[in-house]
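Chain lettering (A, B, C, D, E and F) follows the sequence in which the chains are written, and residue indices restart at 1 in each chain.
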Amino acid sequence: MSDAFFQPVSGMELPRFAGMPSFMRLPFMDLEHDRISEVDIGLIGVPWDSGTTNRPGPRHGPRQLRDASTMIRAQNGATGVRPFDLMNCADLGDVGPNPADIQDSMARITHFYDTVLSKQIMPLTAGGDHLTSLPILRSLAKDAPVGMVHFDSHTDLYHSYFGGTMYTHGTPFRRAVEEGLLDPKRVVQIGIRGSTYDDEDTDFAKAVGIRVIRIEEFFQRGLQDVMAEARDIVGNAPTYVSYDIDFVDPTFAPGTGTPEVGGPNSFQALEVVRALDGLNIIGADLVEVSPPFDSAGGTAFLGVSIMFELLCIMARR
Amino acid sequence: MSDAFFQPVSGMELPRFAGMPSFMRLPFMDLEHDRISEVDIGLIGVPWDSGTTNRPGPRHGPRQLRDASTMIRAQNGATGVRPFDLMNCADLGDVGPNPADIQDSMARITHFYDTVLSKQIMPLTAGGDHLTSLPILRSLAKDAPVGMVHFDSHTDLYHSYFGGTMYTHGTPFRRAVEEGLLDPKRVVQIGIRGSTYDDEDTDFAKAVGIRVIRIEEFFQRGLQDVMAEARDIVGNAPTYVSYDIDFVDPTFAPGTGTPEVGGPNSFQALEVVRALDGLNIIGADLVEVSPPFDSAGGTAFLGVSIMFELLCIMARR
Amino acid sequence: MSDAFFQPVSGMELPRFAGMPSFMRLPFMDLEHDRISEVDIGLIGVPWDSGTTNRPGPRHGPRQLRDASTMIRAQNGATGVRPFDLMNCADLGDVGPNPADIQDSMARITHFYDTVLSKQIMPLTAGGDHLTSLPILRSLAKDAPVGMVHFDSHTDLYHSYFGGTMYTHGTPFRRAVEEGLLDPKRVVQIGIRGSTYDDEDTDFAKAVGIRVIRIEEFFQRGLQDVMAEARDIVGNAPTYVSYDIDFVDPTFAPGTGTPEVGGPNSFQALEVVRALDGLNIIGADLVEVSPPFDSAGGTAFLGVSIMFELLCIMARR
Amino acid sequence: MSDAFFQPVSGMELPRFAGMPSFMRLPFMDLEHDRISEVDIGLIGVPWDSGTTNRPGPRHGPRQLRDASTMIRAQNGATGVRPFDLMNCADLGDVGPNPADIQDSMARITHFYDTVLSKQIMPLTAGGDHLTSLPILRSLAKDAPVGMVHFDSHTDLYHSYFGGTMYTHGTPFRRAVEEGLLDPKRVVQIGIRGSTYDDEDTDFAKAVGIRVIRIEEFFQRGLQDVMAEARDIVGNAPTYVSYDIDFVDPTFAPGTGTPEVGGPNSFQALEVVRALDGLNIIGADLVEVSPPFDSAGGTAFLGVSIMFELLCIMARR
Amino acid sequence: MSDAFFQPVSGMELPRFAGMPSFMRLPFMDLEHDRISEVDIGLIGVPWDSGTTNRPGPRHGPRQLRDASTMIRAQNGATGVRPFDLMNCADLGDVGPNPADIQDSMARITHFYDTVLSKQIMPLTAGGDHLTSLPILRSLAKDAPVGMVHFDSHTDLYHSYFGGTMYTHGTPFRRAVEEGLLDPKRVVQIGIRGSTYDDEDTDFAKAVGIRVIRIEEFFQRGLQDVMAEARDIVGNAPTYVSYDIDFVDPTFAPGTGTPEVGGPNSFQALEVVRALDGLNIIGADLVEVSPPFDSAGGTAFLGVSIMFELLCIMARR
Amino acid sequence: MSDAFFQPVSGMELPRFAGMPSFMRLPFMDLEHDRISEVDIGLIGVPWDSGTTNRPGPRHGPRQLRDASTMIRAQNGATGVRPFDLMNCADLGDVGPNPADIQDSMARITHFYDTVLSKQIMPLTAGGDHLTSLPILRSLAKDAPVGMVHFDSHTDLYHSYFGGTMYTHGTPFRRAVEEGLLDPKRVVQIGIRGSTYDDEDTDFAKAVGIRVIRIEEFFQRGLQDVMAEARDIVGNAPTYVSYDIDFVDPTFAPGTGTPEVGGPNSFQALEVVRALDGLNIIGADLVEVSPPFDSAGGTAFLGVSIMFELLCIMARR
């Protein structure tokens, strides 16, 4: 049983609209907190979108996600899991980026996660654009490459943009493979769709062994069948889960910068995470939630619902 | 054939954006109207949300639903039913609540419905939050408990909130069972999902015999199979239909106070009502439409489309 | 291989938010342009909504669609088609309507398309309300009646409105049949739903041989089966595709004037077009996108995604 | 003292969000009502925008204005006037236009007002675009030309649009002068501003003797001085007041189709009407409120606040 | 000089969109914090709107105000005051209300403020609807009645609503006078306007000696003259400042439940507070900010700008 | 008289919602156009916001400004100026930035303006964030420092952000002074307000001789008096006008990233430009319009109205 200190505030006691909006109403603790050593899972915000090539906004994601997360209760209705009873969870705050310097920001992020990992805390991140995953992987995979289940409508495997720019939200996993952070044979990308420039990204995927499952295949084979293959691909070794909210159809998640129509619905958005239960998850992120394009907040609420599913499988690890 | 007086105004004659927005462009009649005795089905608004524990707004529901309802035409395209030819329908106006006194408001509502029933009018209600159903049932079931088909993402079977508050939109059906208004063996709840505090509500359901069909079961078994079971549960005895708009996925119905992602789409939202055709329906409600969270009005239009389906099965009774 | 002049500007070179928003970032050419004779497919806007009987707005459609179209890239991810390599495509601008005179506007539209066709350019049109299709068909079918695959939630086969008004967005295809522009035996309407006034429209369809596939049939039989029948109906003869955005469920496409709930999702919205590949398409339109009811722009982005699918099958002709 | 039947429903008794939204919560009466002969002032909606040359929407104005009008109480706080005690006021409903036929619609409007006037009811109209004023004036001024105080950012004195179209919302008062409905020497236009095509409209004004007061003059001389001149111009003879909501700065009234920045604020918007107290007002209108461009409803609330001021000076007549 | 612990986080170091949104980026401290005794001014949220008679929403005010407050920097540009250097300021969190029980909520609020005052902390409150001020005054004025400068468009001096309901946001100051919490001779209300039911409230004001300055007088005499009188009225004795955001024109502050057009602009909204500098302020509140009616957040930003002005005069006390 | 080729398309001929949205419906010409040498004034977009420290978005400004600019007509109603008759004006398109590289983007911008100036074209720029002005000044003032009239709520004179970042939208004019592009004695900043970090910026202004006119002084002295001083400061030598939309009150211009309440209204926003008539203007910009925070488009319409005033004084030069 988790320590009472780590239990979220109940909406039965304090209405959901009251109180400071920490992630899921968990205790807010910075890395110097005197009980930090007791934390098992840390929820972390990375308010940063300098890698965005089109419509910026994910820098505002963590705040909106925290706000929406006050709607989350203690128990997973679908699976019965009570994550806050299984592990001590806490909101570790935001990594402070430098909006005007990509390299400086990446260094700050990697440093923050190094500290988190040094305390044996498993990170669940709220981005930020998808470039956020790269500096996190530099910390998580510094000893050995990891596997990854990647939900997205884009492969994010391009080489560069705008005549040679190497670090954008369209390139993180190309970099991660090149830097030896990901084992491409243990990487699966699910939900890919939309118009493309050319085949550069998928050619790279084929060349290094990344499995790309397009949305047409996803719908045709069915969710359970596809997810079984995904589980096989990553196996029992350490695995990261990276979830771009644009995996979901933009009608369900309009608040994002590079939407592609024709994606999964919100039920499928949750089910794909539940299907990962039992894997050796070492960390996860939910990225690309962009509040300026979602003033009604529906995307953020779906985003935190996905984060709660990720938390539930991480807590059962 | 229905009296011409009771036919809705056609959009072919008066454009839909013109004229006073009564429900479905039906005649507006208060309970003193000299033709009130000819009414078979009364559409009633209950603009009241004092039972809301989180985000208020359903007090504004009836007005927005009436506005959206001017888009409804005379014939059900899917089933061919022409409800206004089968029964005399009218807009009976709103029950005037006391926003600052829950007990007073409930007494006013029950009194209004007592009058409606005394005139042999079958009520179709536009809420209001879900606590609205309780004072209605106090009128409808005052002689004997009734059965209920309940569409919702929440059971609304909690005991109390905020340290003992017994009357909220999370408790109406617990109260209704306790008060002998509902026969729990003839109650089925469909679409339940989302995170929960604990198992208090479902434990109560089990204890008294209410059948709870979660959304995972709904999607796995399929709509027709689940609805067949629902028909068996309520049988041929008098049955109430209570439809919380948050049964539907919040992307389709964002205008509500306690959304839960991962629900049915709009086609399924209509089909579940059509599947109730032939039951012994004695009244129905559509609740929790909250305009402040849906300025575009899509939720209200879906809401009145559901009300039209409810009307069609009531008119064929 | 297409001429480099006709290649769209790449987002890898000029960010998508920069530059003049022509359709899909194609060259903008008026009908006097010195390379007009090289154009194979012309994208044309018809900013006109004088046929609207309820909520106006589609006059603003072409501009919003052009803006959203800057998100479209060069290759169809699902089919691999690269339309701009197959045919020379260009943005031919807007037909200037007379907002205050329906007959004058229809004459202007037909005249514009006569010129386009005289240059052997295949037109892909962005409306405009659905009356737009009538003056286009007057040009396209002036020699012989054509077949049509028609996606919509309404048949648009009514005789007249408001006591005898013959030209509205609810009547274009009745007029087209009467004028001998459509061969009703080669017309199929898919997605019909919603409440109706009566059976006047479907009785006409039956009388002349138009096949109407309601949404219930579409969902029950499945998309592939229905589309196979549609292909059989139109056969190999010249066929027009008319796509009303209200075919799609209004949650996915809220920006339209006469929505009907319970429609296809965005994936199905694209798949129905892909299923037409190989037909003898002579032109297509996407109509009824109404920006005032879709300030977030999701409808327009879905609309241009559909236009891109239409373009891909037209380019493979 | 006014009859109790004609008193608006008080928000102290029935909350403002409840009940049918008639204008200012007055009794709704059609022209056949058995107490119609007792009505002194009739509030009338004209949901029509066929004269709009750019962004349509005012056809939805009357409904939104009625909704917002439920916020209006019984007494004018600034002047102490209680209009409903001075005169019997009622909501006479909407004139049903033909959205597809301008001449037919104008004939319907004039006919409706002829009937209203035949019952000695003074009309206060909610438009509709500004062309609405023309068919009203055809009724009001059929015996003799009237004077007019005209608040607007445009003169609406153009000859024609789009190559000869004579009836648009940019031409009504040119037509009214030509038809002998307005006495141009007794017409004053206040608030004119924005970029213009040329001097055609103001040249016409000068030629016939209409006084045009631009916004720069309005701000420089001050409201009271300008309004004193306006009172002098119209004198004691019968005078119509036509108030285009775009007179007000578009930040205060965004819901309109042809905004011009740099206008009066909301306090001045009310004060200009109060300054007309004591004139011989025979009717008034408030036009060009366009809900699709004002989903938040602020324009409508300002609009009905202006209508209430107009009503107060009409009731003291 | 203030302790560094109490300095707000600078946007030069951590971007404004990052970090937990406490009021003005001050340290968040609950009443048990070990440095609570060092706090001079406490910023407190009261997320409660049970007193609302029309459109609810202010329960969501404190969270949105905190979010917007991250835009506030350390120095008042207009006056040069640096409040965080003058006094130790902290965010003391929210008072947890019971949304379903008005009396219980008022007791909770008074209890919270009793504790705050017992620690010699001066409270600056973010509401909540205007009933919030009553339980605060019960704490602040429990020893002796206080004076009050009250900015509002309504007097909030009504006796009761809905047939006898005594505690609503329209009655707090009537109750406060009756309970001896306010010295009516030292109360001034500024900005009153809008339509009214009758003269009940202003008759009460006259009877007990409250000075009511309507908006017409405010604009005619000018801000400085009116504020000089206000200073004279309250004098040097302990004075509370209660600021209803609906004092400001609703175009500048749309996010509120009972707007009245024709109010001050945002510059005047700040200047009236600056004019109170030097008074004996013992506490202040900013109430009626209602996020559901202001999704863009402009009202909240204006609200926190007003709170910052209030803080600056409190810090100079 | 201007060449007919350079006349904007009239809304009397082609409705404003039709056609490609070039700036003010002028001809669109790239720098290679065969009539480029005839252009006197070039309207240029710089869709770039990499200098933004808080809320990004101005990269989307030029497109929204072009769209709104189709509402501008040919003649200035207030001054009678017809700019398109005085000078040949054209839309020169956008400068393509590199969103991921600030230095590269600045170099591209300066290069573009070097080319423009080499053709004797006077530039009127639509930003972009305020850092945009720096690379423009590097081109305009490469031979000698220029004077500047600067409308803004911020001085943009800070040294650096985030621990040493020198190029942000808060630093351009510090850099410009340091680089010898601006003659500080001929620089005046008008409208400064809001909370500040400290006095670093104004201390710098004093040290180098920049005149800072705060908003309190602006309102107290009055617009004409302040602008007369501004004219004196810049004199008859070459002067640049830089207009940050956040000079205007955020209620009038919500679509911007760093709003400060309490600013000028829209009439004053135009008048300050008119007051510059006759100066030796060599170029101007309108920056910081951020569409994601202004979905209704009011800010963009005000922005282009300001651009039109700038154009009118430039055309009379």
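Note that a contact is a pair of C-beta atoms (placed from the backbone, for glycine too) under 8 Å apart; a residue touches a chain by one contact, two chains touch by 3 or more.
Chain-to-protein mapping (UniProt): A, B, C, D, E, F = Guanidinobutyrase.
All values derive from a computational prediction rather than experimental measurement.
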Under the touch definition above, the chains in contact with both subunit D and subunit E are B, F
Co-neighbours of subunit B and subunit F resolve to A, C, D, E
Taking each chain's centre as the mean of its CA atoms, the one lying farthest from the centre of subunit C is chain E
Whole-angstrom distance, CA centroid of subunit B to CA centroid of subunit C, is 38
Here the gap between subunit A and subunit D, centre to centre from mean Cα coordinates and rounded to Å, is 55
Where subunit A touches two or more other chains at once, the residues are 13, 15, 17, 53, 55, 59-60, 99, 161-163, 251, 265, 293, 295-296
So the complete set of touching chain pairs is A-B, A-C, A-E, A-F, B-C, B-D, B-E, C-D, C-F, D-E, D-F, E-F
In the complex, the residues of subunit E that touch subunit D are 53-55, 161-163, 192-199, 214-216, 219, 249-251, 254, 258-259, 261-263, 265, 293
Residue set of subunit E touching subunit F in the complex reads 10-13, 15-17, 71-78, 251-252, 265-267, 269-270, 296, 298, 301-302, 305, 308
Residue positions on subunit F within touch of subunit C in the complex are 13-15, 17-22, 28, 45, 47, 59-60, 62-63, 66-67, 93-94, 96-97, 99, 295-296
Seen from subunit D, its contact residues with subunit C in the complex are 49-53, 55-57, 59-60, 98-102, 161-163, 165, 167-168, 292-293, 295
